[in-house]
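As structure tokens, the structure follows; a few thoughts come after it.
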Amino acid sequence: MLIVMDHRATPEEIERVVDVIGAMGYGAKPMPGRQRTAIGLVGNDGRIDSARLEGLPGVREVIKVSKPYKQVSREWREEDTLIEFGNGVKLGGPEVVVMAGPCAVEGRDQILDIAAQVREMGATVLRGGAFKPRTSPYSFQGLGAKGLEHLAEARERTGLAIVTEAVDAESAEQVAEHADMIQIGARNMQNYRLLRCAGRAGKPVLLKRGMSATITELLLAAEYLLSEGNAAVALCERGVRSFDQSTRNLLDLTAVPLVKSLTHLPVLADPSHGTGVRAKVTPMARAAVAAGADGLIVEVHPNPPEALSDGAQSLYPAQFGELVGQCGSIAAAIGRSLAALPVGEPAADGPQAATRPPETPA
Amino acid sequence: MLIVMDHRATPEEIERVVDVIGAMGYGAKPMPGRQRTAIGLVGNDGRIDSARLEGLPGVREVIKVSKPYKQVSREWREEDTLIEFGNGVKLGGPEVVVMAGPCAVEGRDQILDIAAQVREMGATVLRGGAFKPRTSPYSFQGLGAKGLEHLAEARERTGLAIVTEAVDAESAEQVAEHADMIQIGARNMQNYRLLRCAGRAGKPVLLKRGMSATITELLLAAEYLLSEGNAAVALCERGVRSFDQSTRNLLDLTAVPLVKSLTHLPVLADPSHGTGVRAKVTPMARAAVAAGADGLIVEVHPNPPEALSDGAQSLYPAQFGELVGQCGSIAAAIGRSLAALPVGEPAADGPQAATRPPETPA
Amino acid sequence: MLIVMDHRATPEEIERVVDVIGAMGYGAKPMPGRQRTAIGLVGNDGRIDSARLEGLPGVREVIKVSKPYKQVSREWREEDTLIEFGNGVKLGGPEVVVMAGPCAVEGRDQILDIAAQVREMGATVLRGGAFKPRTSPYSFQGLGAKGLEHLAEARERTGLAIVTEAVDAESAEQVAEHADMIQIGARNMQNYRLLRCAGRAGKPVLLKRGMSATITELLLAAEYLLSEGNAAVALCERGVRSFDQSTRNLLDLTAVPLVKSLTHLPVLADPSHGTGVRAKVTPMARAAVAAGADGLIVEVHPNPPEALSDGAQSLYPAQFGELVGQCGSIAAAIGRSLAALPVGEPAADGPQAATRPPETPA
Amino acid sequence: MLIVMDHRATPEEIERVVDVIGAMGYGAKPMPGRQRTAIGLVGNDGRIDSARLEGLPGVREVIKVSKPYKQVSREWREEDTLIEFGNGVKLGGPEVVVMAGPCAVEGRDQILDIAAQVREMGATVLRGGAFKPRTSPYSFQGLGAKGLEHLAEARERTGLAIVTEAVDAESAEQVAEHADMIQIGARNMQNYRLLRCAGRAGKPVLLKRGMSATITELLLAAEYLLSEGNAAVALCERGVRSFDQSTRNLLDLTAVPLVKSLTHLPVLADPSHGTGVRAKVTPMARAAVAAGADGLIVEVHPNPPEALSDGAQSLYPAQFGELVGQCGSIAAAIGRSLAALPVGEPAADGPQAATRPPETPA
């Protein structure tokens, strides 16, 4: 941490900053410059609240050098985190995992139908919202617990692992009981109560980046999960807010290699929300794999024009089949492959034993 | 709603859109143009989910003309909503309400001290966080229920009304019990479970704009509160994300007159979070009043360099005194005045009877 | 400048950075930390190109502490720059200068008409574009040199000073010949050839902030002007790009006190472009004055529905009269007043002698 | 175009809008709705200035349905534009064109050295700035005309085509004389004088997207070039401004398929400026090709730590070799290939005959 003093700061003000740093238990290294003095803080363990220093008289700016997160960092754990689902699929290793399914579980037939289709086309994880956070109180809010049962049944029939969103403490427990992975949506990335619940729920978590979250904030949100003892966390880039409304969001694919260099956690991309436009989903799925994403999460609906939500960005099943084919070629071009389930054979594992969290480093 | 067809859309595709609109119970008015056909949807009651139409073949774009919110709209209720606190202060009327206090309740002495000081300088509502949502899991997270008790004691002693943040269903109930107004923070603006809880908690709500929330999203979040039967809602501009890091956030003061033209709800500004820099708080507080804000919420700390959070943006008490004086002059210049409590005399009302919600229109 | 090394940086890499800093003629002060080493660069005179250091092996980040601008800085010149126009009006002092007029000069009658009206209502500077940079090649592009003649005639008749935009070297010379102040538009803020021309043209310059320019970039653009010897530069906040389309731009009023603390140059606000909506212009003009702006630049048109450009944000003359009245009250509330011309008496000075640049510090 | 009336608009105000539309020569189709009336404007030829309608009393909003650009649109010309350079390389067809070279031409030896290296590794076009627009007036500004001569010599020796930036009318002519393609930089995307000059200069133009330019604005800037008769225009995504400073810019790769669907012009990506970080250039180059880019423009320097500008984002030659290899594999995975020059054999064509512009449609 570097404390930059105002060019009019008095020697007493500089001295006080040095004293406060000392009182906080860190070392202070003043650097008198041509225009102003800067004071280096040595020994930062990532837990310093800079506000205390920012508030001192004569301080112009506090610049953070150490990253404020710890356990999510590559400096904390060098090797990649690997998340293994009950059906044997591993996320975070050499294979790229394709998750697919409708925006929302709309009914038993719909989800069983699309599950069978995406499984046949190459998905290994089924997505589908039972609890839907919607911008308007008048929009369809999801089937709730009933939707979770349909998802569990789809798993029994297809062998797909299940990822679905939790929106509060109660739904986090329900999701943990029925699904293989708890999704935290973009709007809830900084819902810290939910993060703590999900961190203790005993299932892997898929954490989506908030609409205008910086990479540092995304990693700090993940730190909430790890600090509760849950090491099985995957991150997901799903587009950020932009000044241009020609796509629904701006898919920040550079986040993929960037996050992978900063953290050991797997990184996915969501080209469906990331673009909001059906015709752009497949090119951006290809691009995500080319950029190094460990997985994709894609919206597919048996009949998009009839979808109760996100119809405009949902692929038709046949389009999803093409996406899988193209992404497989891209993966091969960079020495990876798509994760696959055995052909036509559902997984035998039940939901409770479904997921093995990663080993924590000794 | 206007459905814009692709220039290559076939007559059958256009016909299908018309049919779907009819099946949804609305009128369709096709407008063949030089380049393409657009279809007007007539009779929109604000509850249409456009995704269904966006997903139809041949549709290029769906443009929303009706606003998706209802009860928060000036078209729903023409006259301003007035929120009256137990100490007689009214928010949303001609008087500008100044809310002040520390970022966090740090202890009994701290909050009683600062409460007395801001009351003497002209504040009528005390702010202070008992539950603190923090970006890092390692930062101070607030005193919780204990903090609420300190706030309640501060009210007894000073007559100030109390506003403090709730972060989940449980804390919303606790806040409703002890405070006069429940604050929903920026990070939770789209935490819909929390909105529904706060909407049913029986106390006025101060809803802060999310970090990258559009005005429409802010109003839709407020709609969640009103749709639960709570008409006593105030909105707060507190700065949005920007590409420039020279201030912590970008205070969007145009939101003040804009929101006031769209909704009947009171609008406040938070120049402390909106700038993040102590020296900019007072000029921006003046600007907010000049722009027409119904209130201010300002961070003041007895000793900012010792603050456990947000020290860099907290005013010293004497600075807050100057702010009140200057904002009083600005209010007078536009024909308003600052709300005031009787000098030196605490309010007699207890916490339960503290707040009178606005009359709902017949 | 602080060079932050990667946590895996070798001692040799650290040594090399120290050597390169030495070879560049500056001092290097290594600070070994718990996680990584940071190296302070001492003696930075603001001319260092950080890219050279960013490119060295083992360097993770280069953090700039010194500001890269010099002559525009308050540290270079403590006292406010004062720009005096030929009609005696001073920009940058205690009086707030109101500039007003149409978006574009559309013809002789239009500009003479509106000039007389805004002068009577309290403007002291007339704005109006002769050269119009337009997003579409098919939009009205301005009257060019003819427009400048009309503006000069309006000055003769009313005593208003003239500010108008230049878009290239040729028009900068023409504008300098006919007007009192050369405007550089937002789209050209980083058109460095134009900046150099305007810096040498011998007239004060009004530099508008670019659409997504940081404050640092705005000040660096002004530095181009000052580095050519032109000390008479005023800056103008006119709204930046935002994710919310509910206003045309996001007027960043915090830029006003922020820029005033960083630089000695006068700062104006443009509430017309800053909001893009007529009904928001007056409240935001009030807010700008309350925030400390040294001037306003406002679009007024004799008949906005007939305007060839920007009709939706142009005020009717009567609305402008109200704006001046309200802003005068706000100015009084903070101890300032609006600059004024003698009632009904045009200035005698000709265009050449019209403007006195500020004294440069010895 | 759709004119949305306020819900309090009077019948007279509606009538007036209809009349004005008629007077402008278009058809008006009023659509009375439940909340308000909207009026469709029929027959829009893309040249309407909406401001005239926005300014009418009772108008709440004007929604543009027709796109404001014409000649750049796929609706104007269905087939892809193909730009052929003097060395036989074609941009916009099935082959992906790799442009590479240093940020700036720093001297004869440097440019000849790097030209030979990138040619051997697979580049077909050489980039390198002779005129450098720099944020600070104190940074290296380029070698100017001398730099162009070095570039021309590099072409003679290697057979690479040359692309380099013009910053004003004068440099546009010089660049047109010596190079194969005139680059318009991001800061000048809306420098309309420069666009008109470049449009008339007789050479293909590479137009980079502005820092916060919408896709519509990018296409309108290209329209300036085409409206001057220059059909050989390529567009380049190079990253936009974002709230997150963890990369220099936010590379918006969705712009690639989006722009390709809206226009017939070739689209490139610049992963060097788009990320600003050397280690992210190659993954994002792969992603750009996977997303469908017609070309890449990449910064490569013989010795990045010694580069006079952009050292941190310049690749070492060996890294560029790997980039070409990986992008070739990605191109193959989607059925394309990289454009290539004959091995070891320089092109014979002189600079004047160097480039064949595309056929304009009859």
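Going by the order they are written in, the chains are A, B, C and D; count residues from 1 in each one.
As a working rule, a contact is a pair of C-beta atoms (placed from the backbone, for glycine too) under 8 Å apart; a residue touches a chain by one contact, two chains touch by 3 or more.
What you are looking at is a predicted structure, and each value in this text was computed from that prediction instead of being measured.
Residue numbering shows that chain A and chain B use the same positions for more than half of their mutual interface.
Chain centres here are C-alpha means, and the one lying farthest from chain D is B. A straight line joining the Cα centres of chain B and chain D is 41 Å long. If you average the Cα atoms of chain C and of chain D, the two centres end up 28 Å apart. One finds 32 Å separating the Cα centroids of chain A and chain D. Residue positions of chain A touching 2 or more other chains: 212, 241-243, 245. Within the complex, the chain C residues that touch chain A are 2, 4, 7, 29, 31-36, 38, 40, 42-45, 61, 63, 65-66, 75, 212, 241-243, 245.
Interface residues of chain D facing chain C in the complex, by the touch rule stated above, are 20, 46-47, 49, 51-52, 54-57, 62, 68-69, 133-140, 167-169, 187-188, 190-193, 211-212, 217, 220, 223-224, 227, 241, 278, 304-312, 314. Interface of chain C with chain B (complex): residues 212, 214-216, 240-247, 250-254, 256-258, 261, 274-275, 277, 279-280, 283-284, 286-292, 326, 329-330, 332-334.
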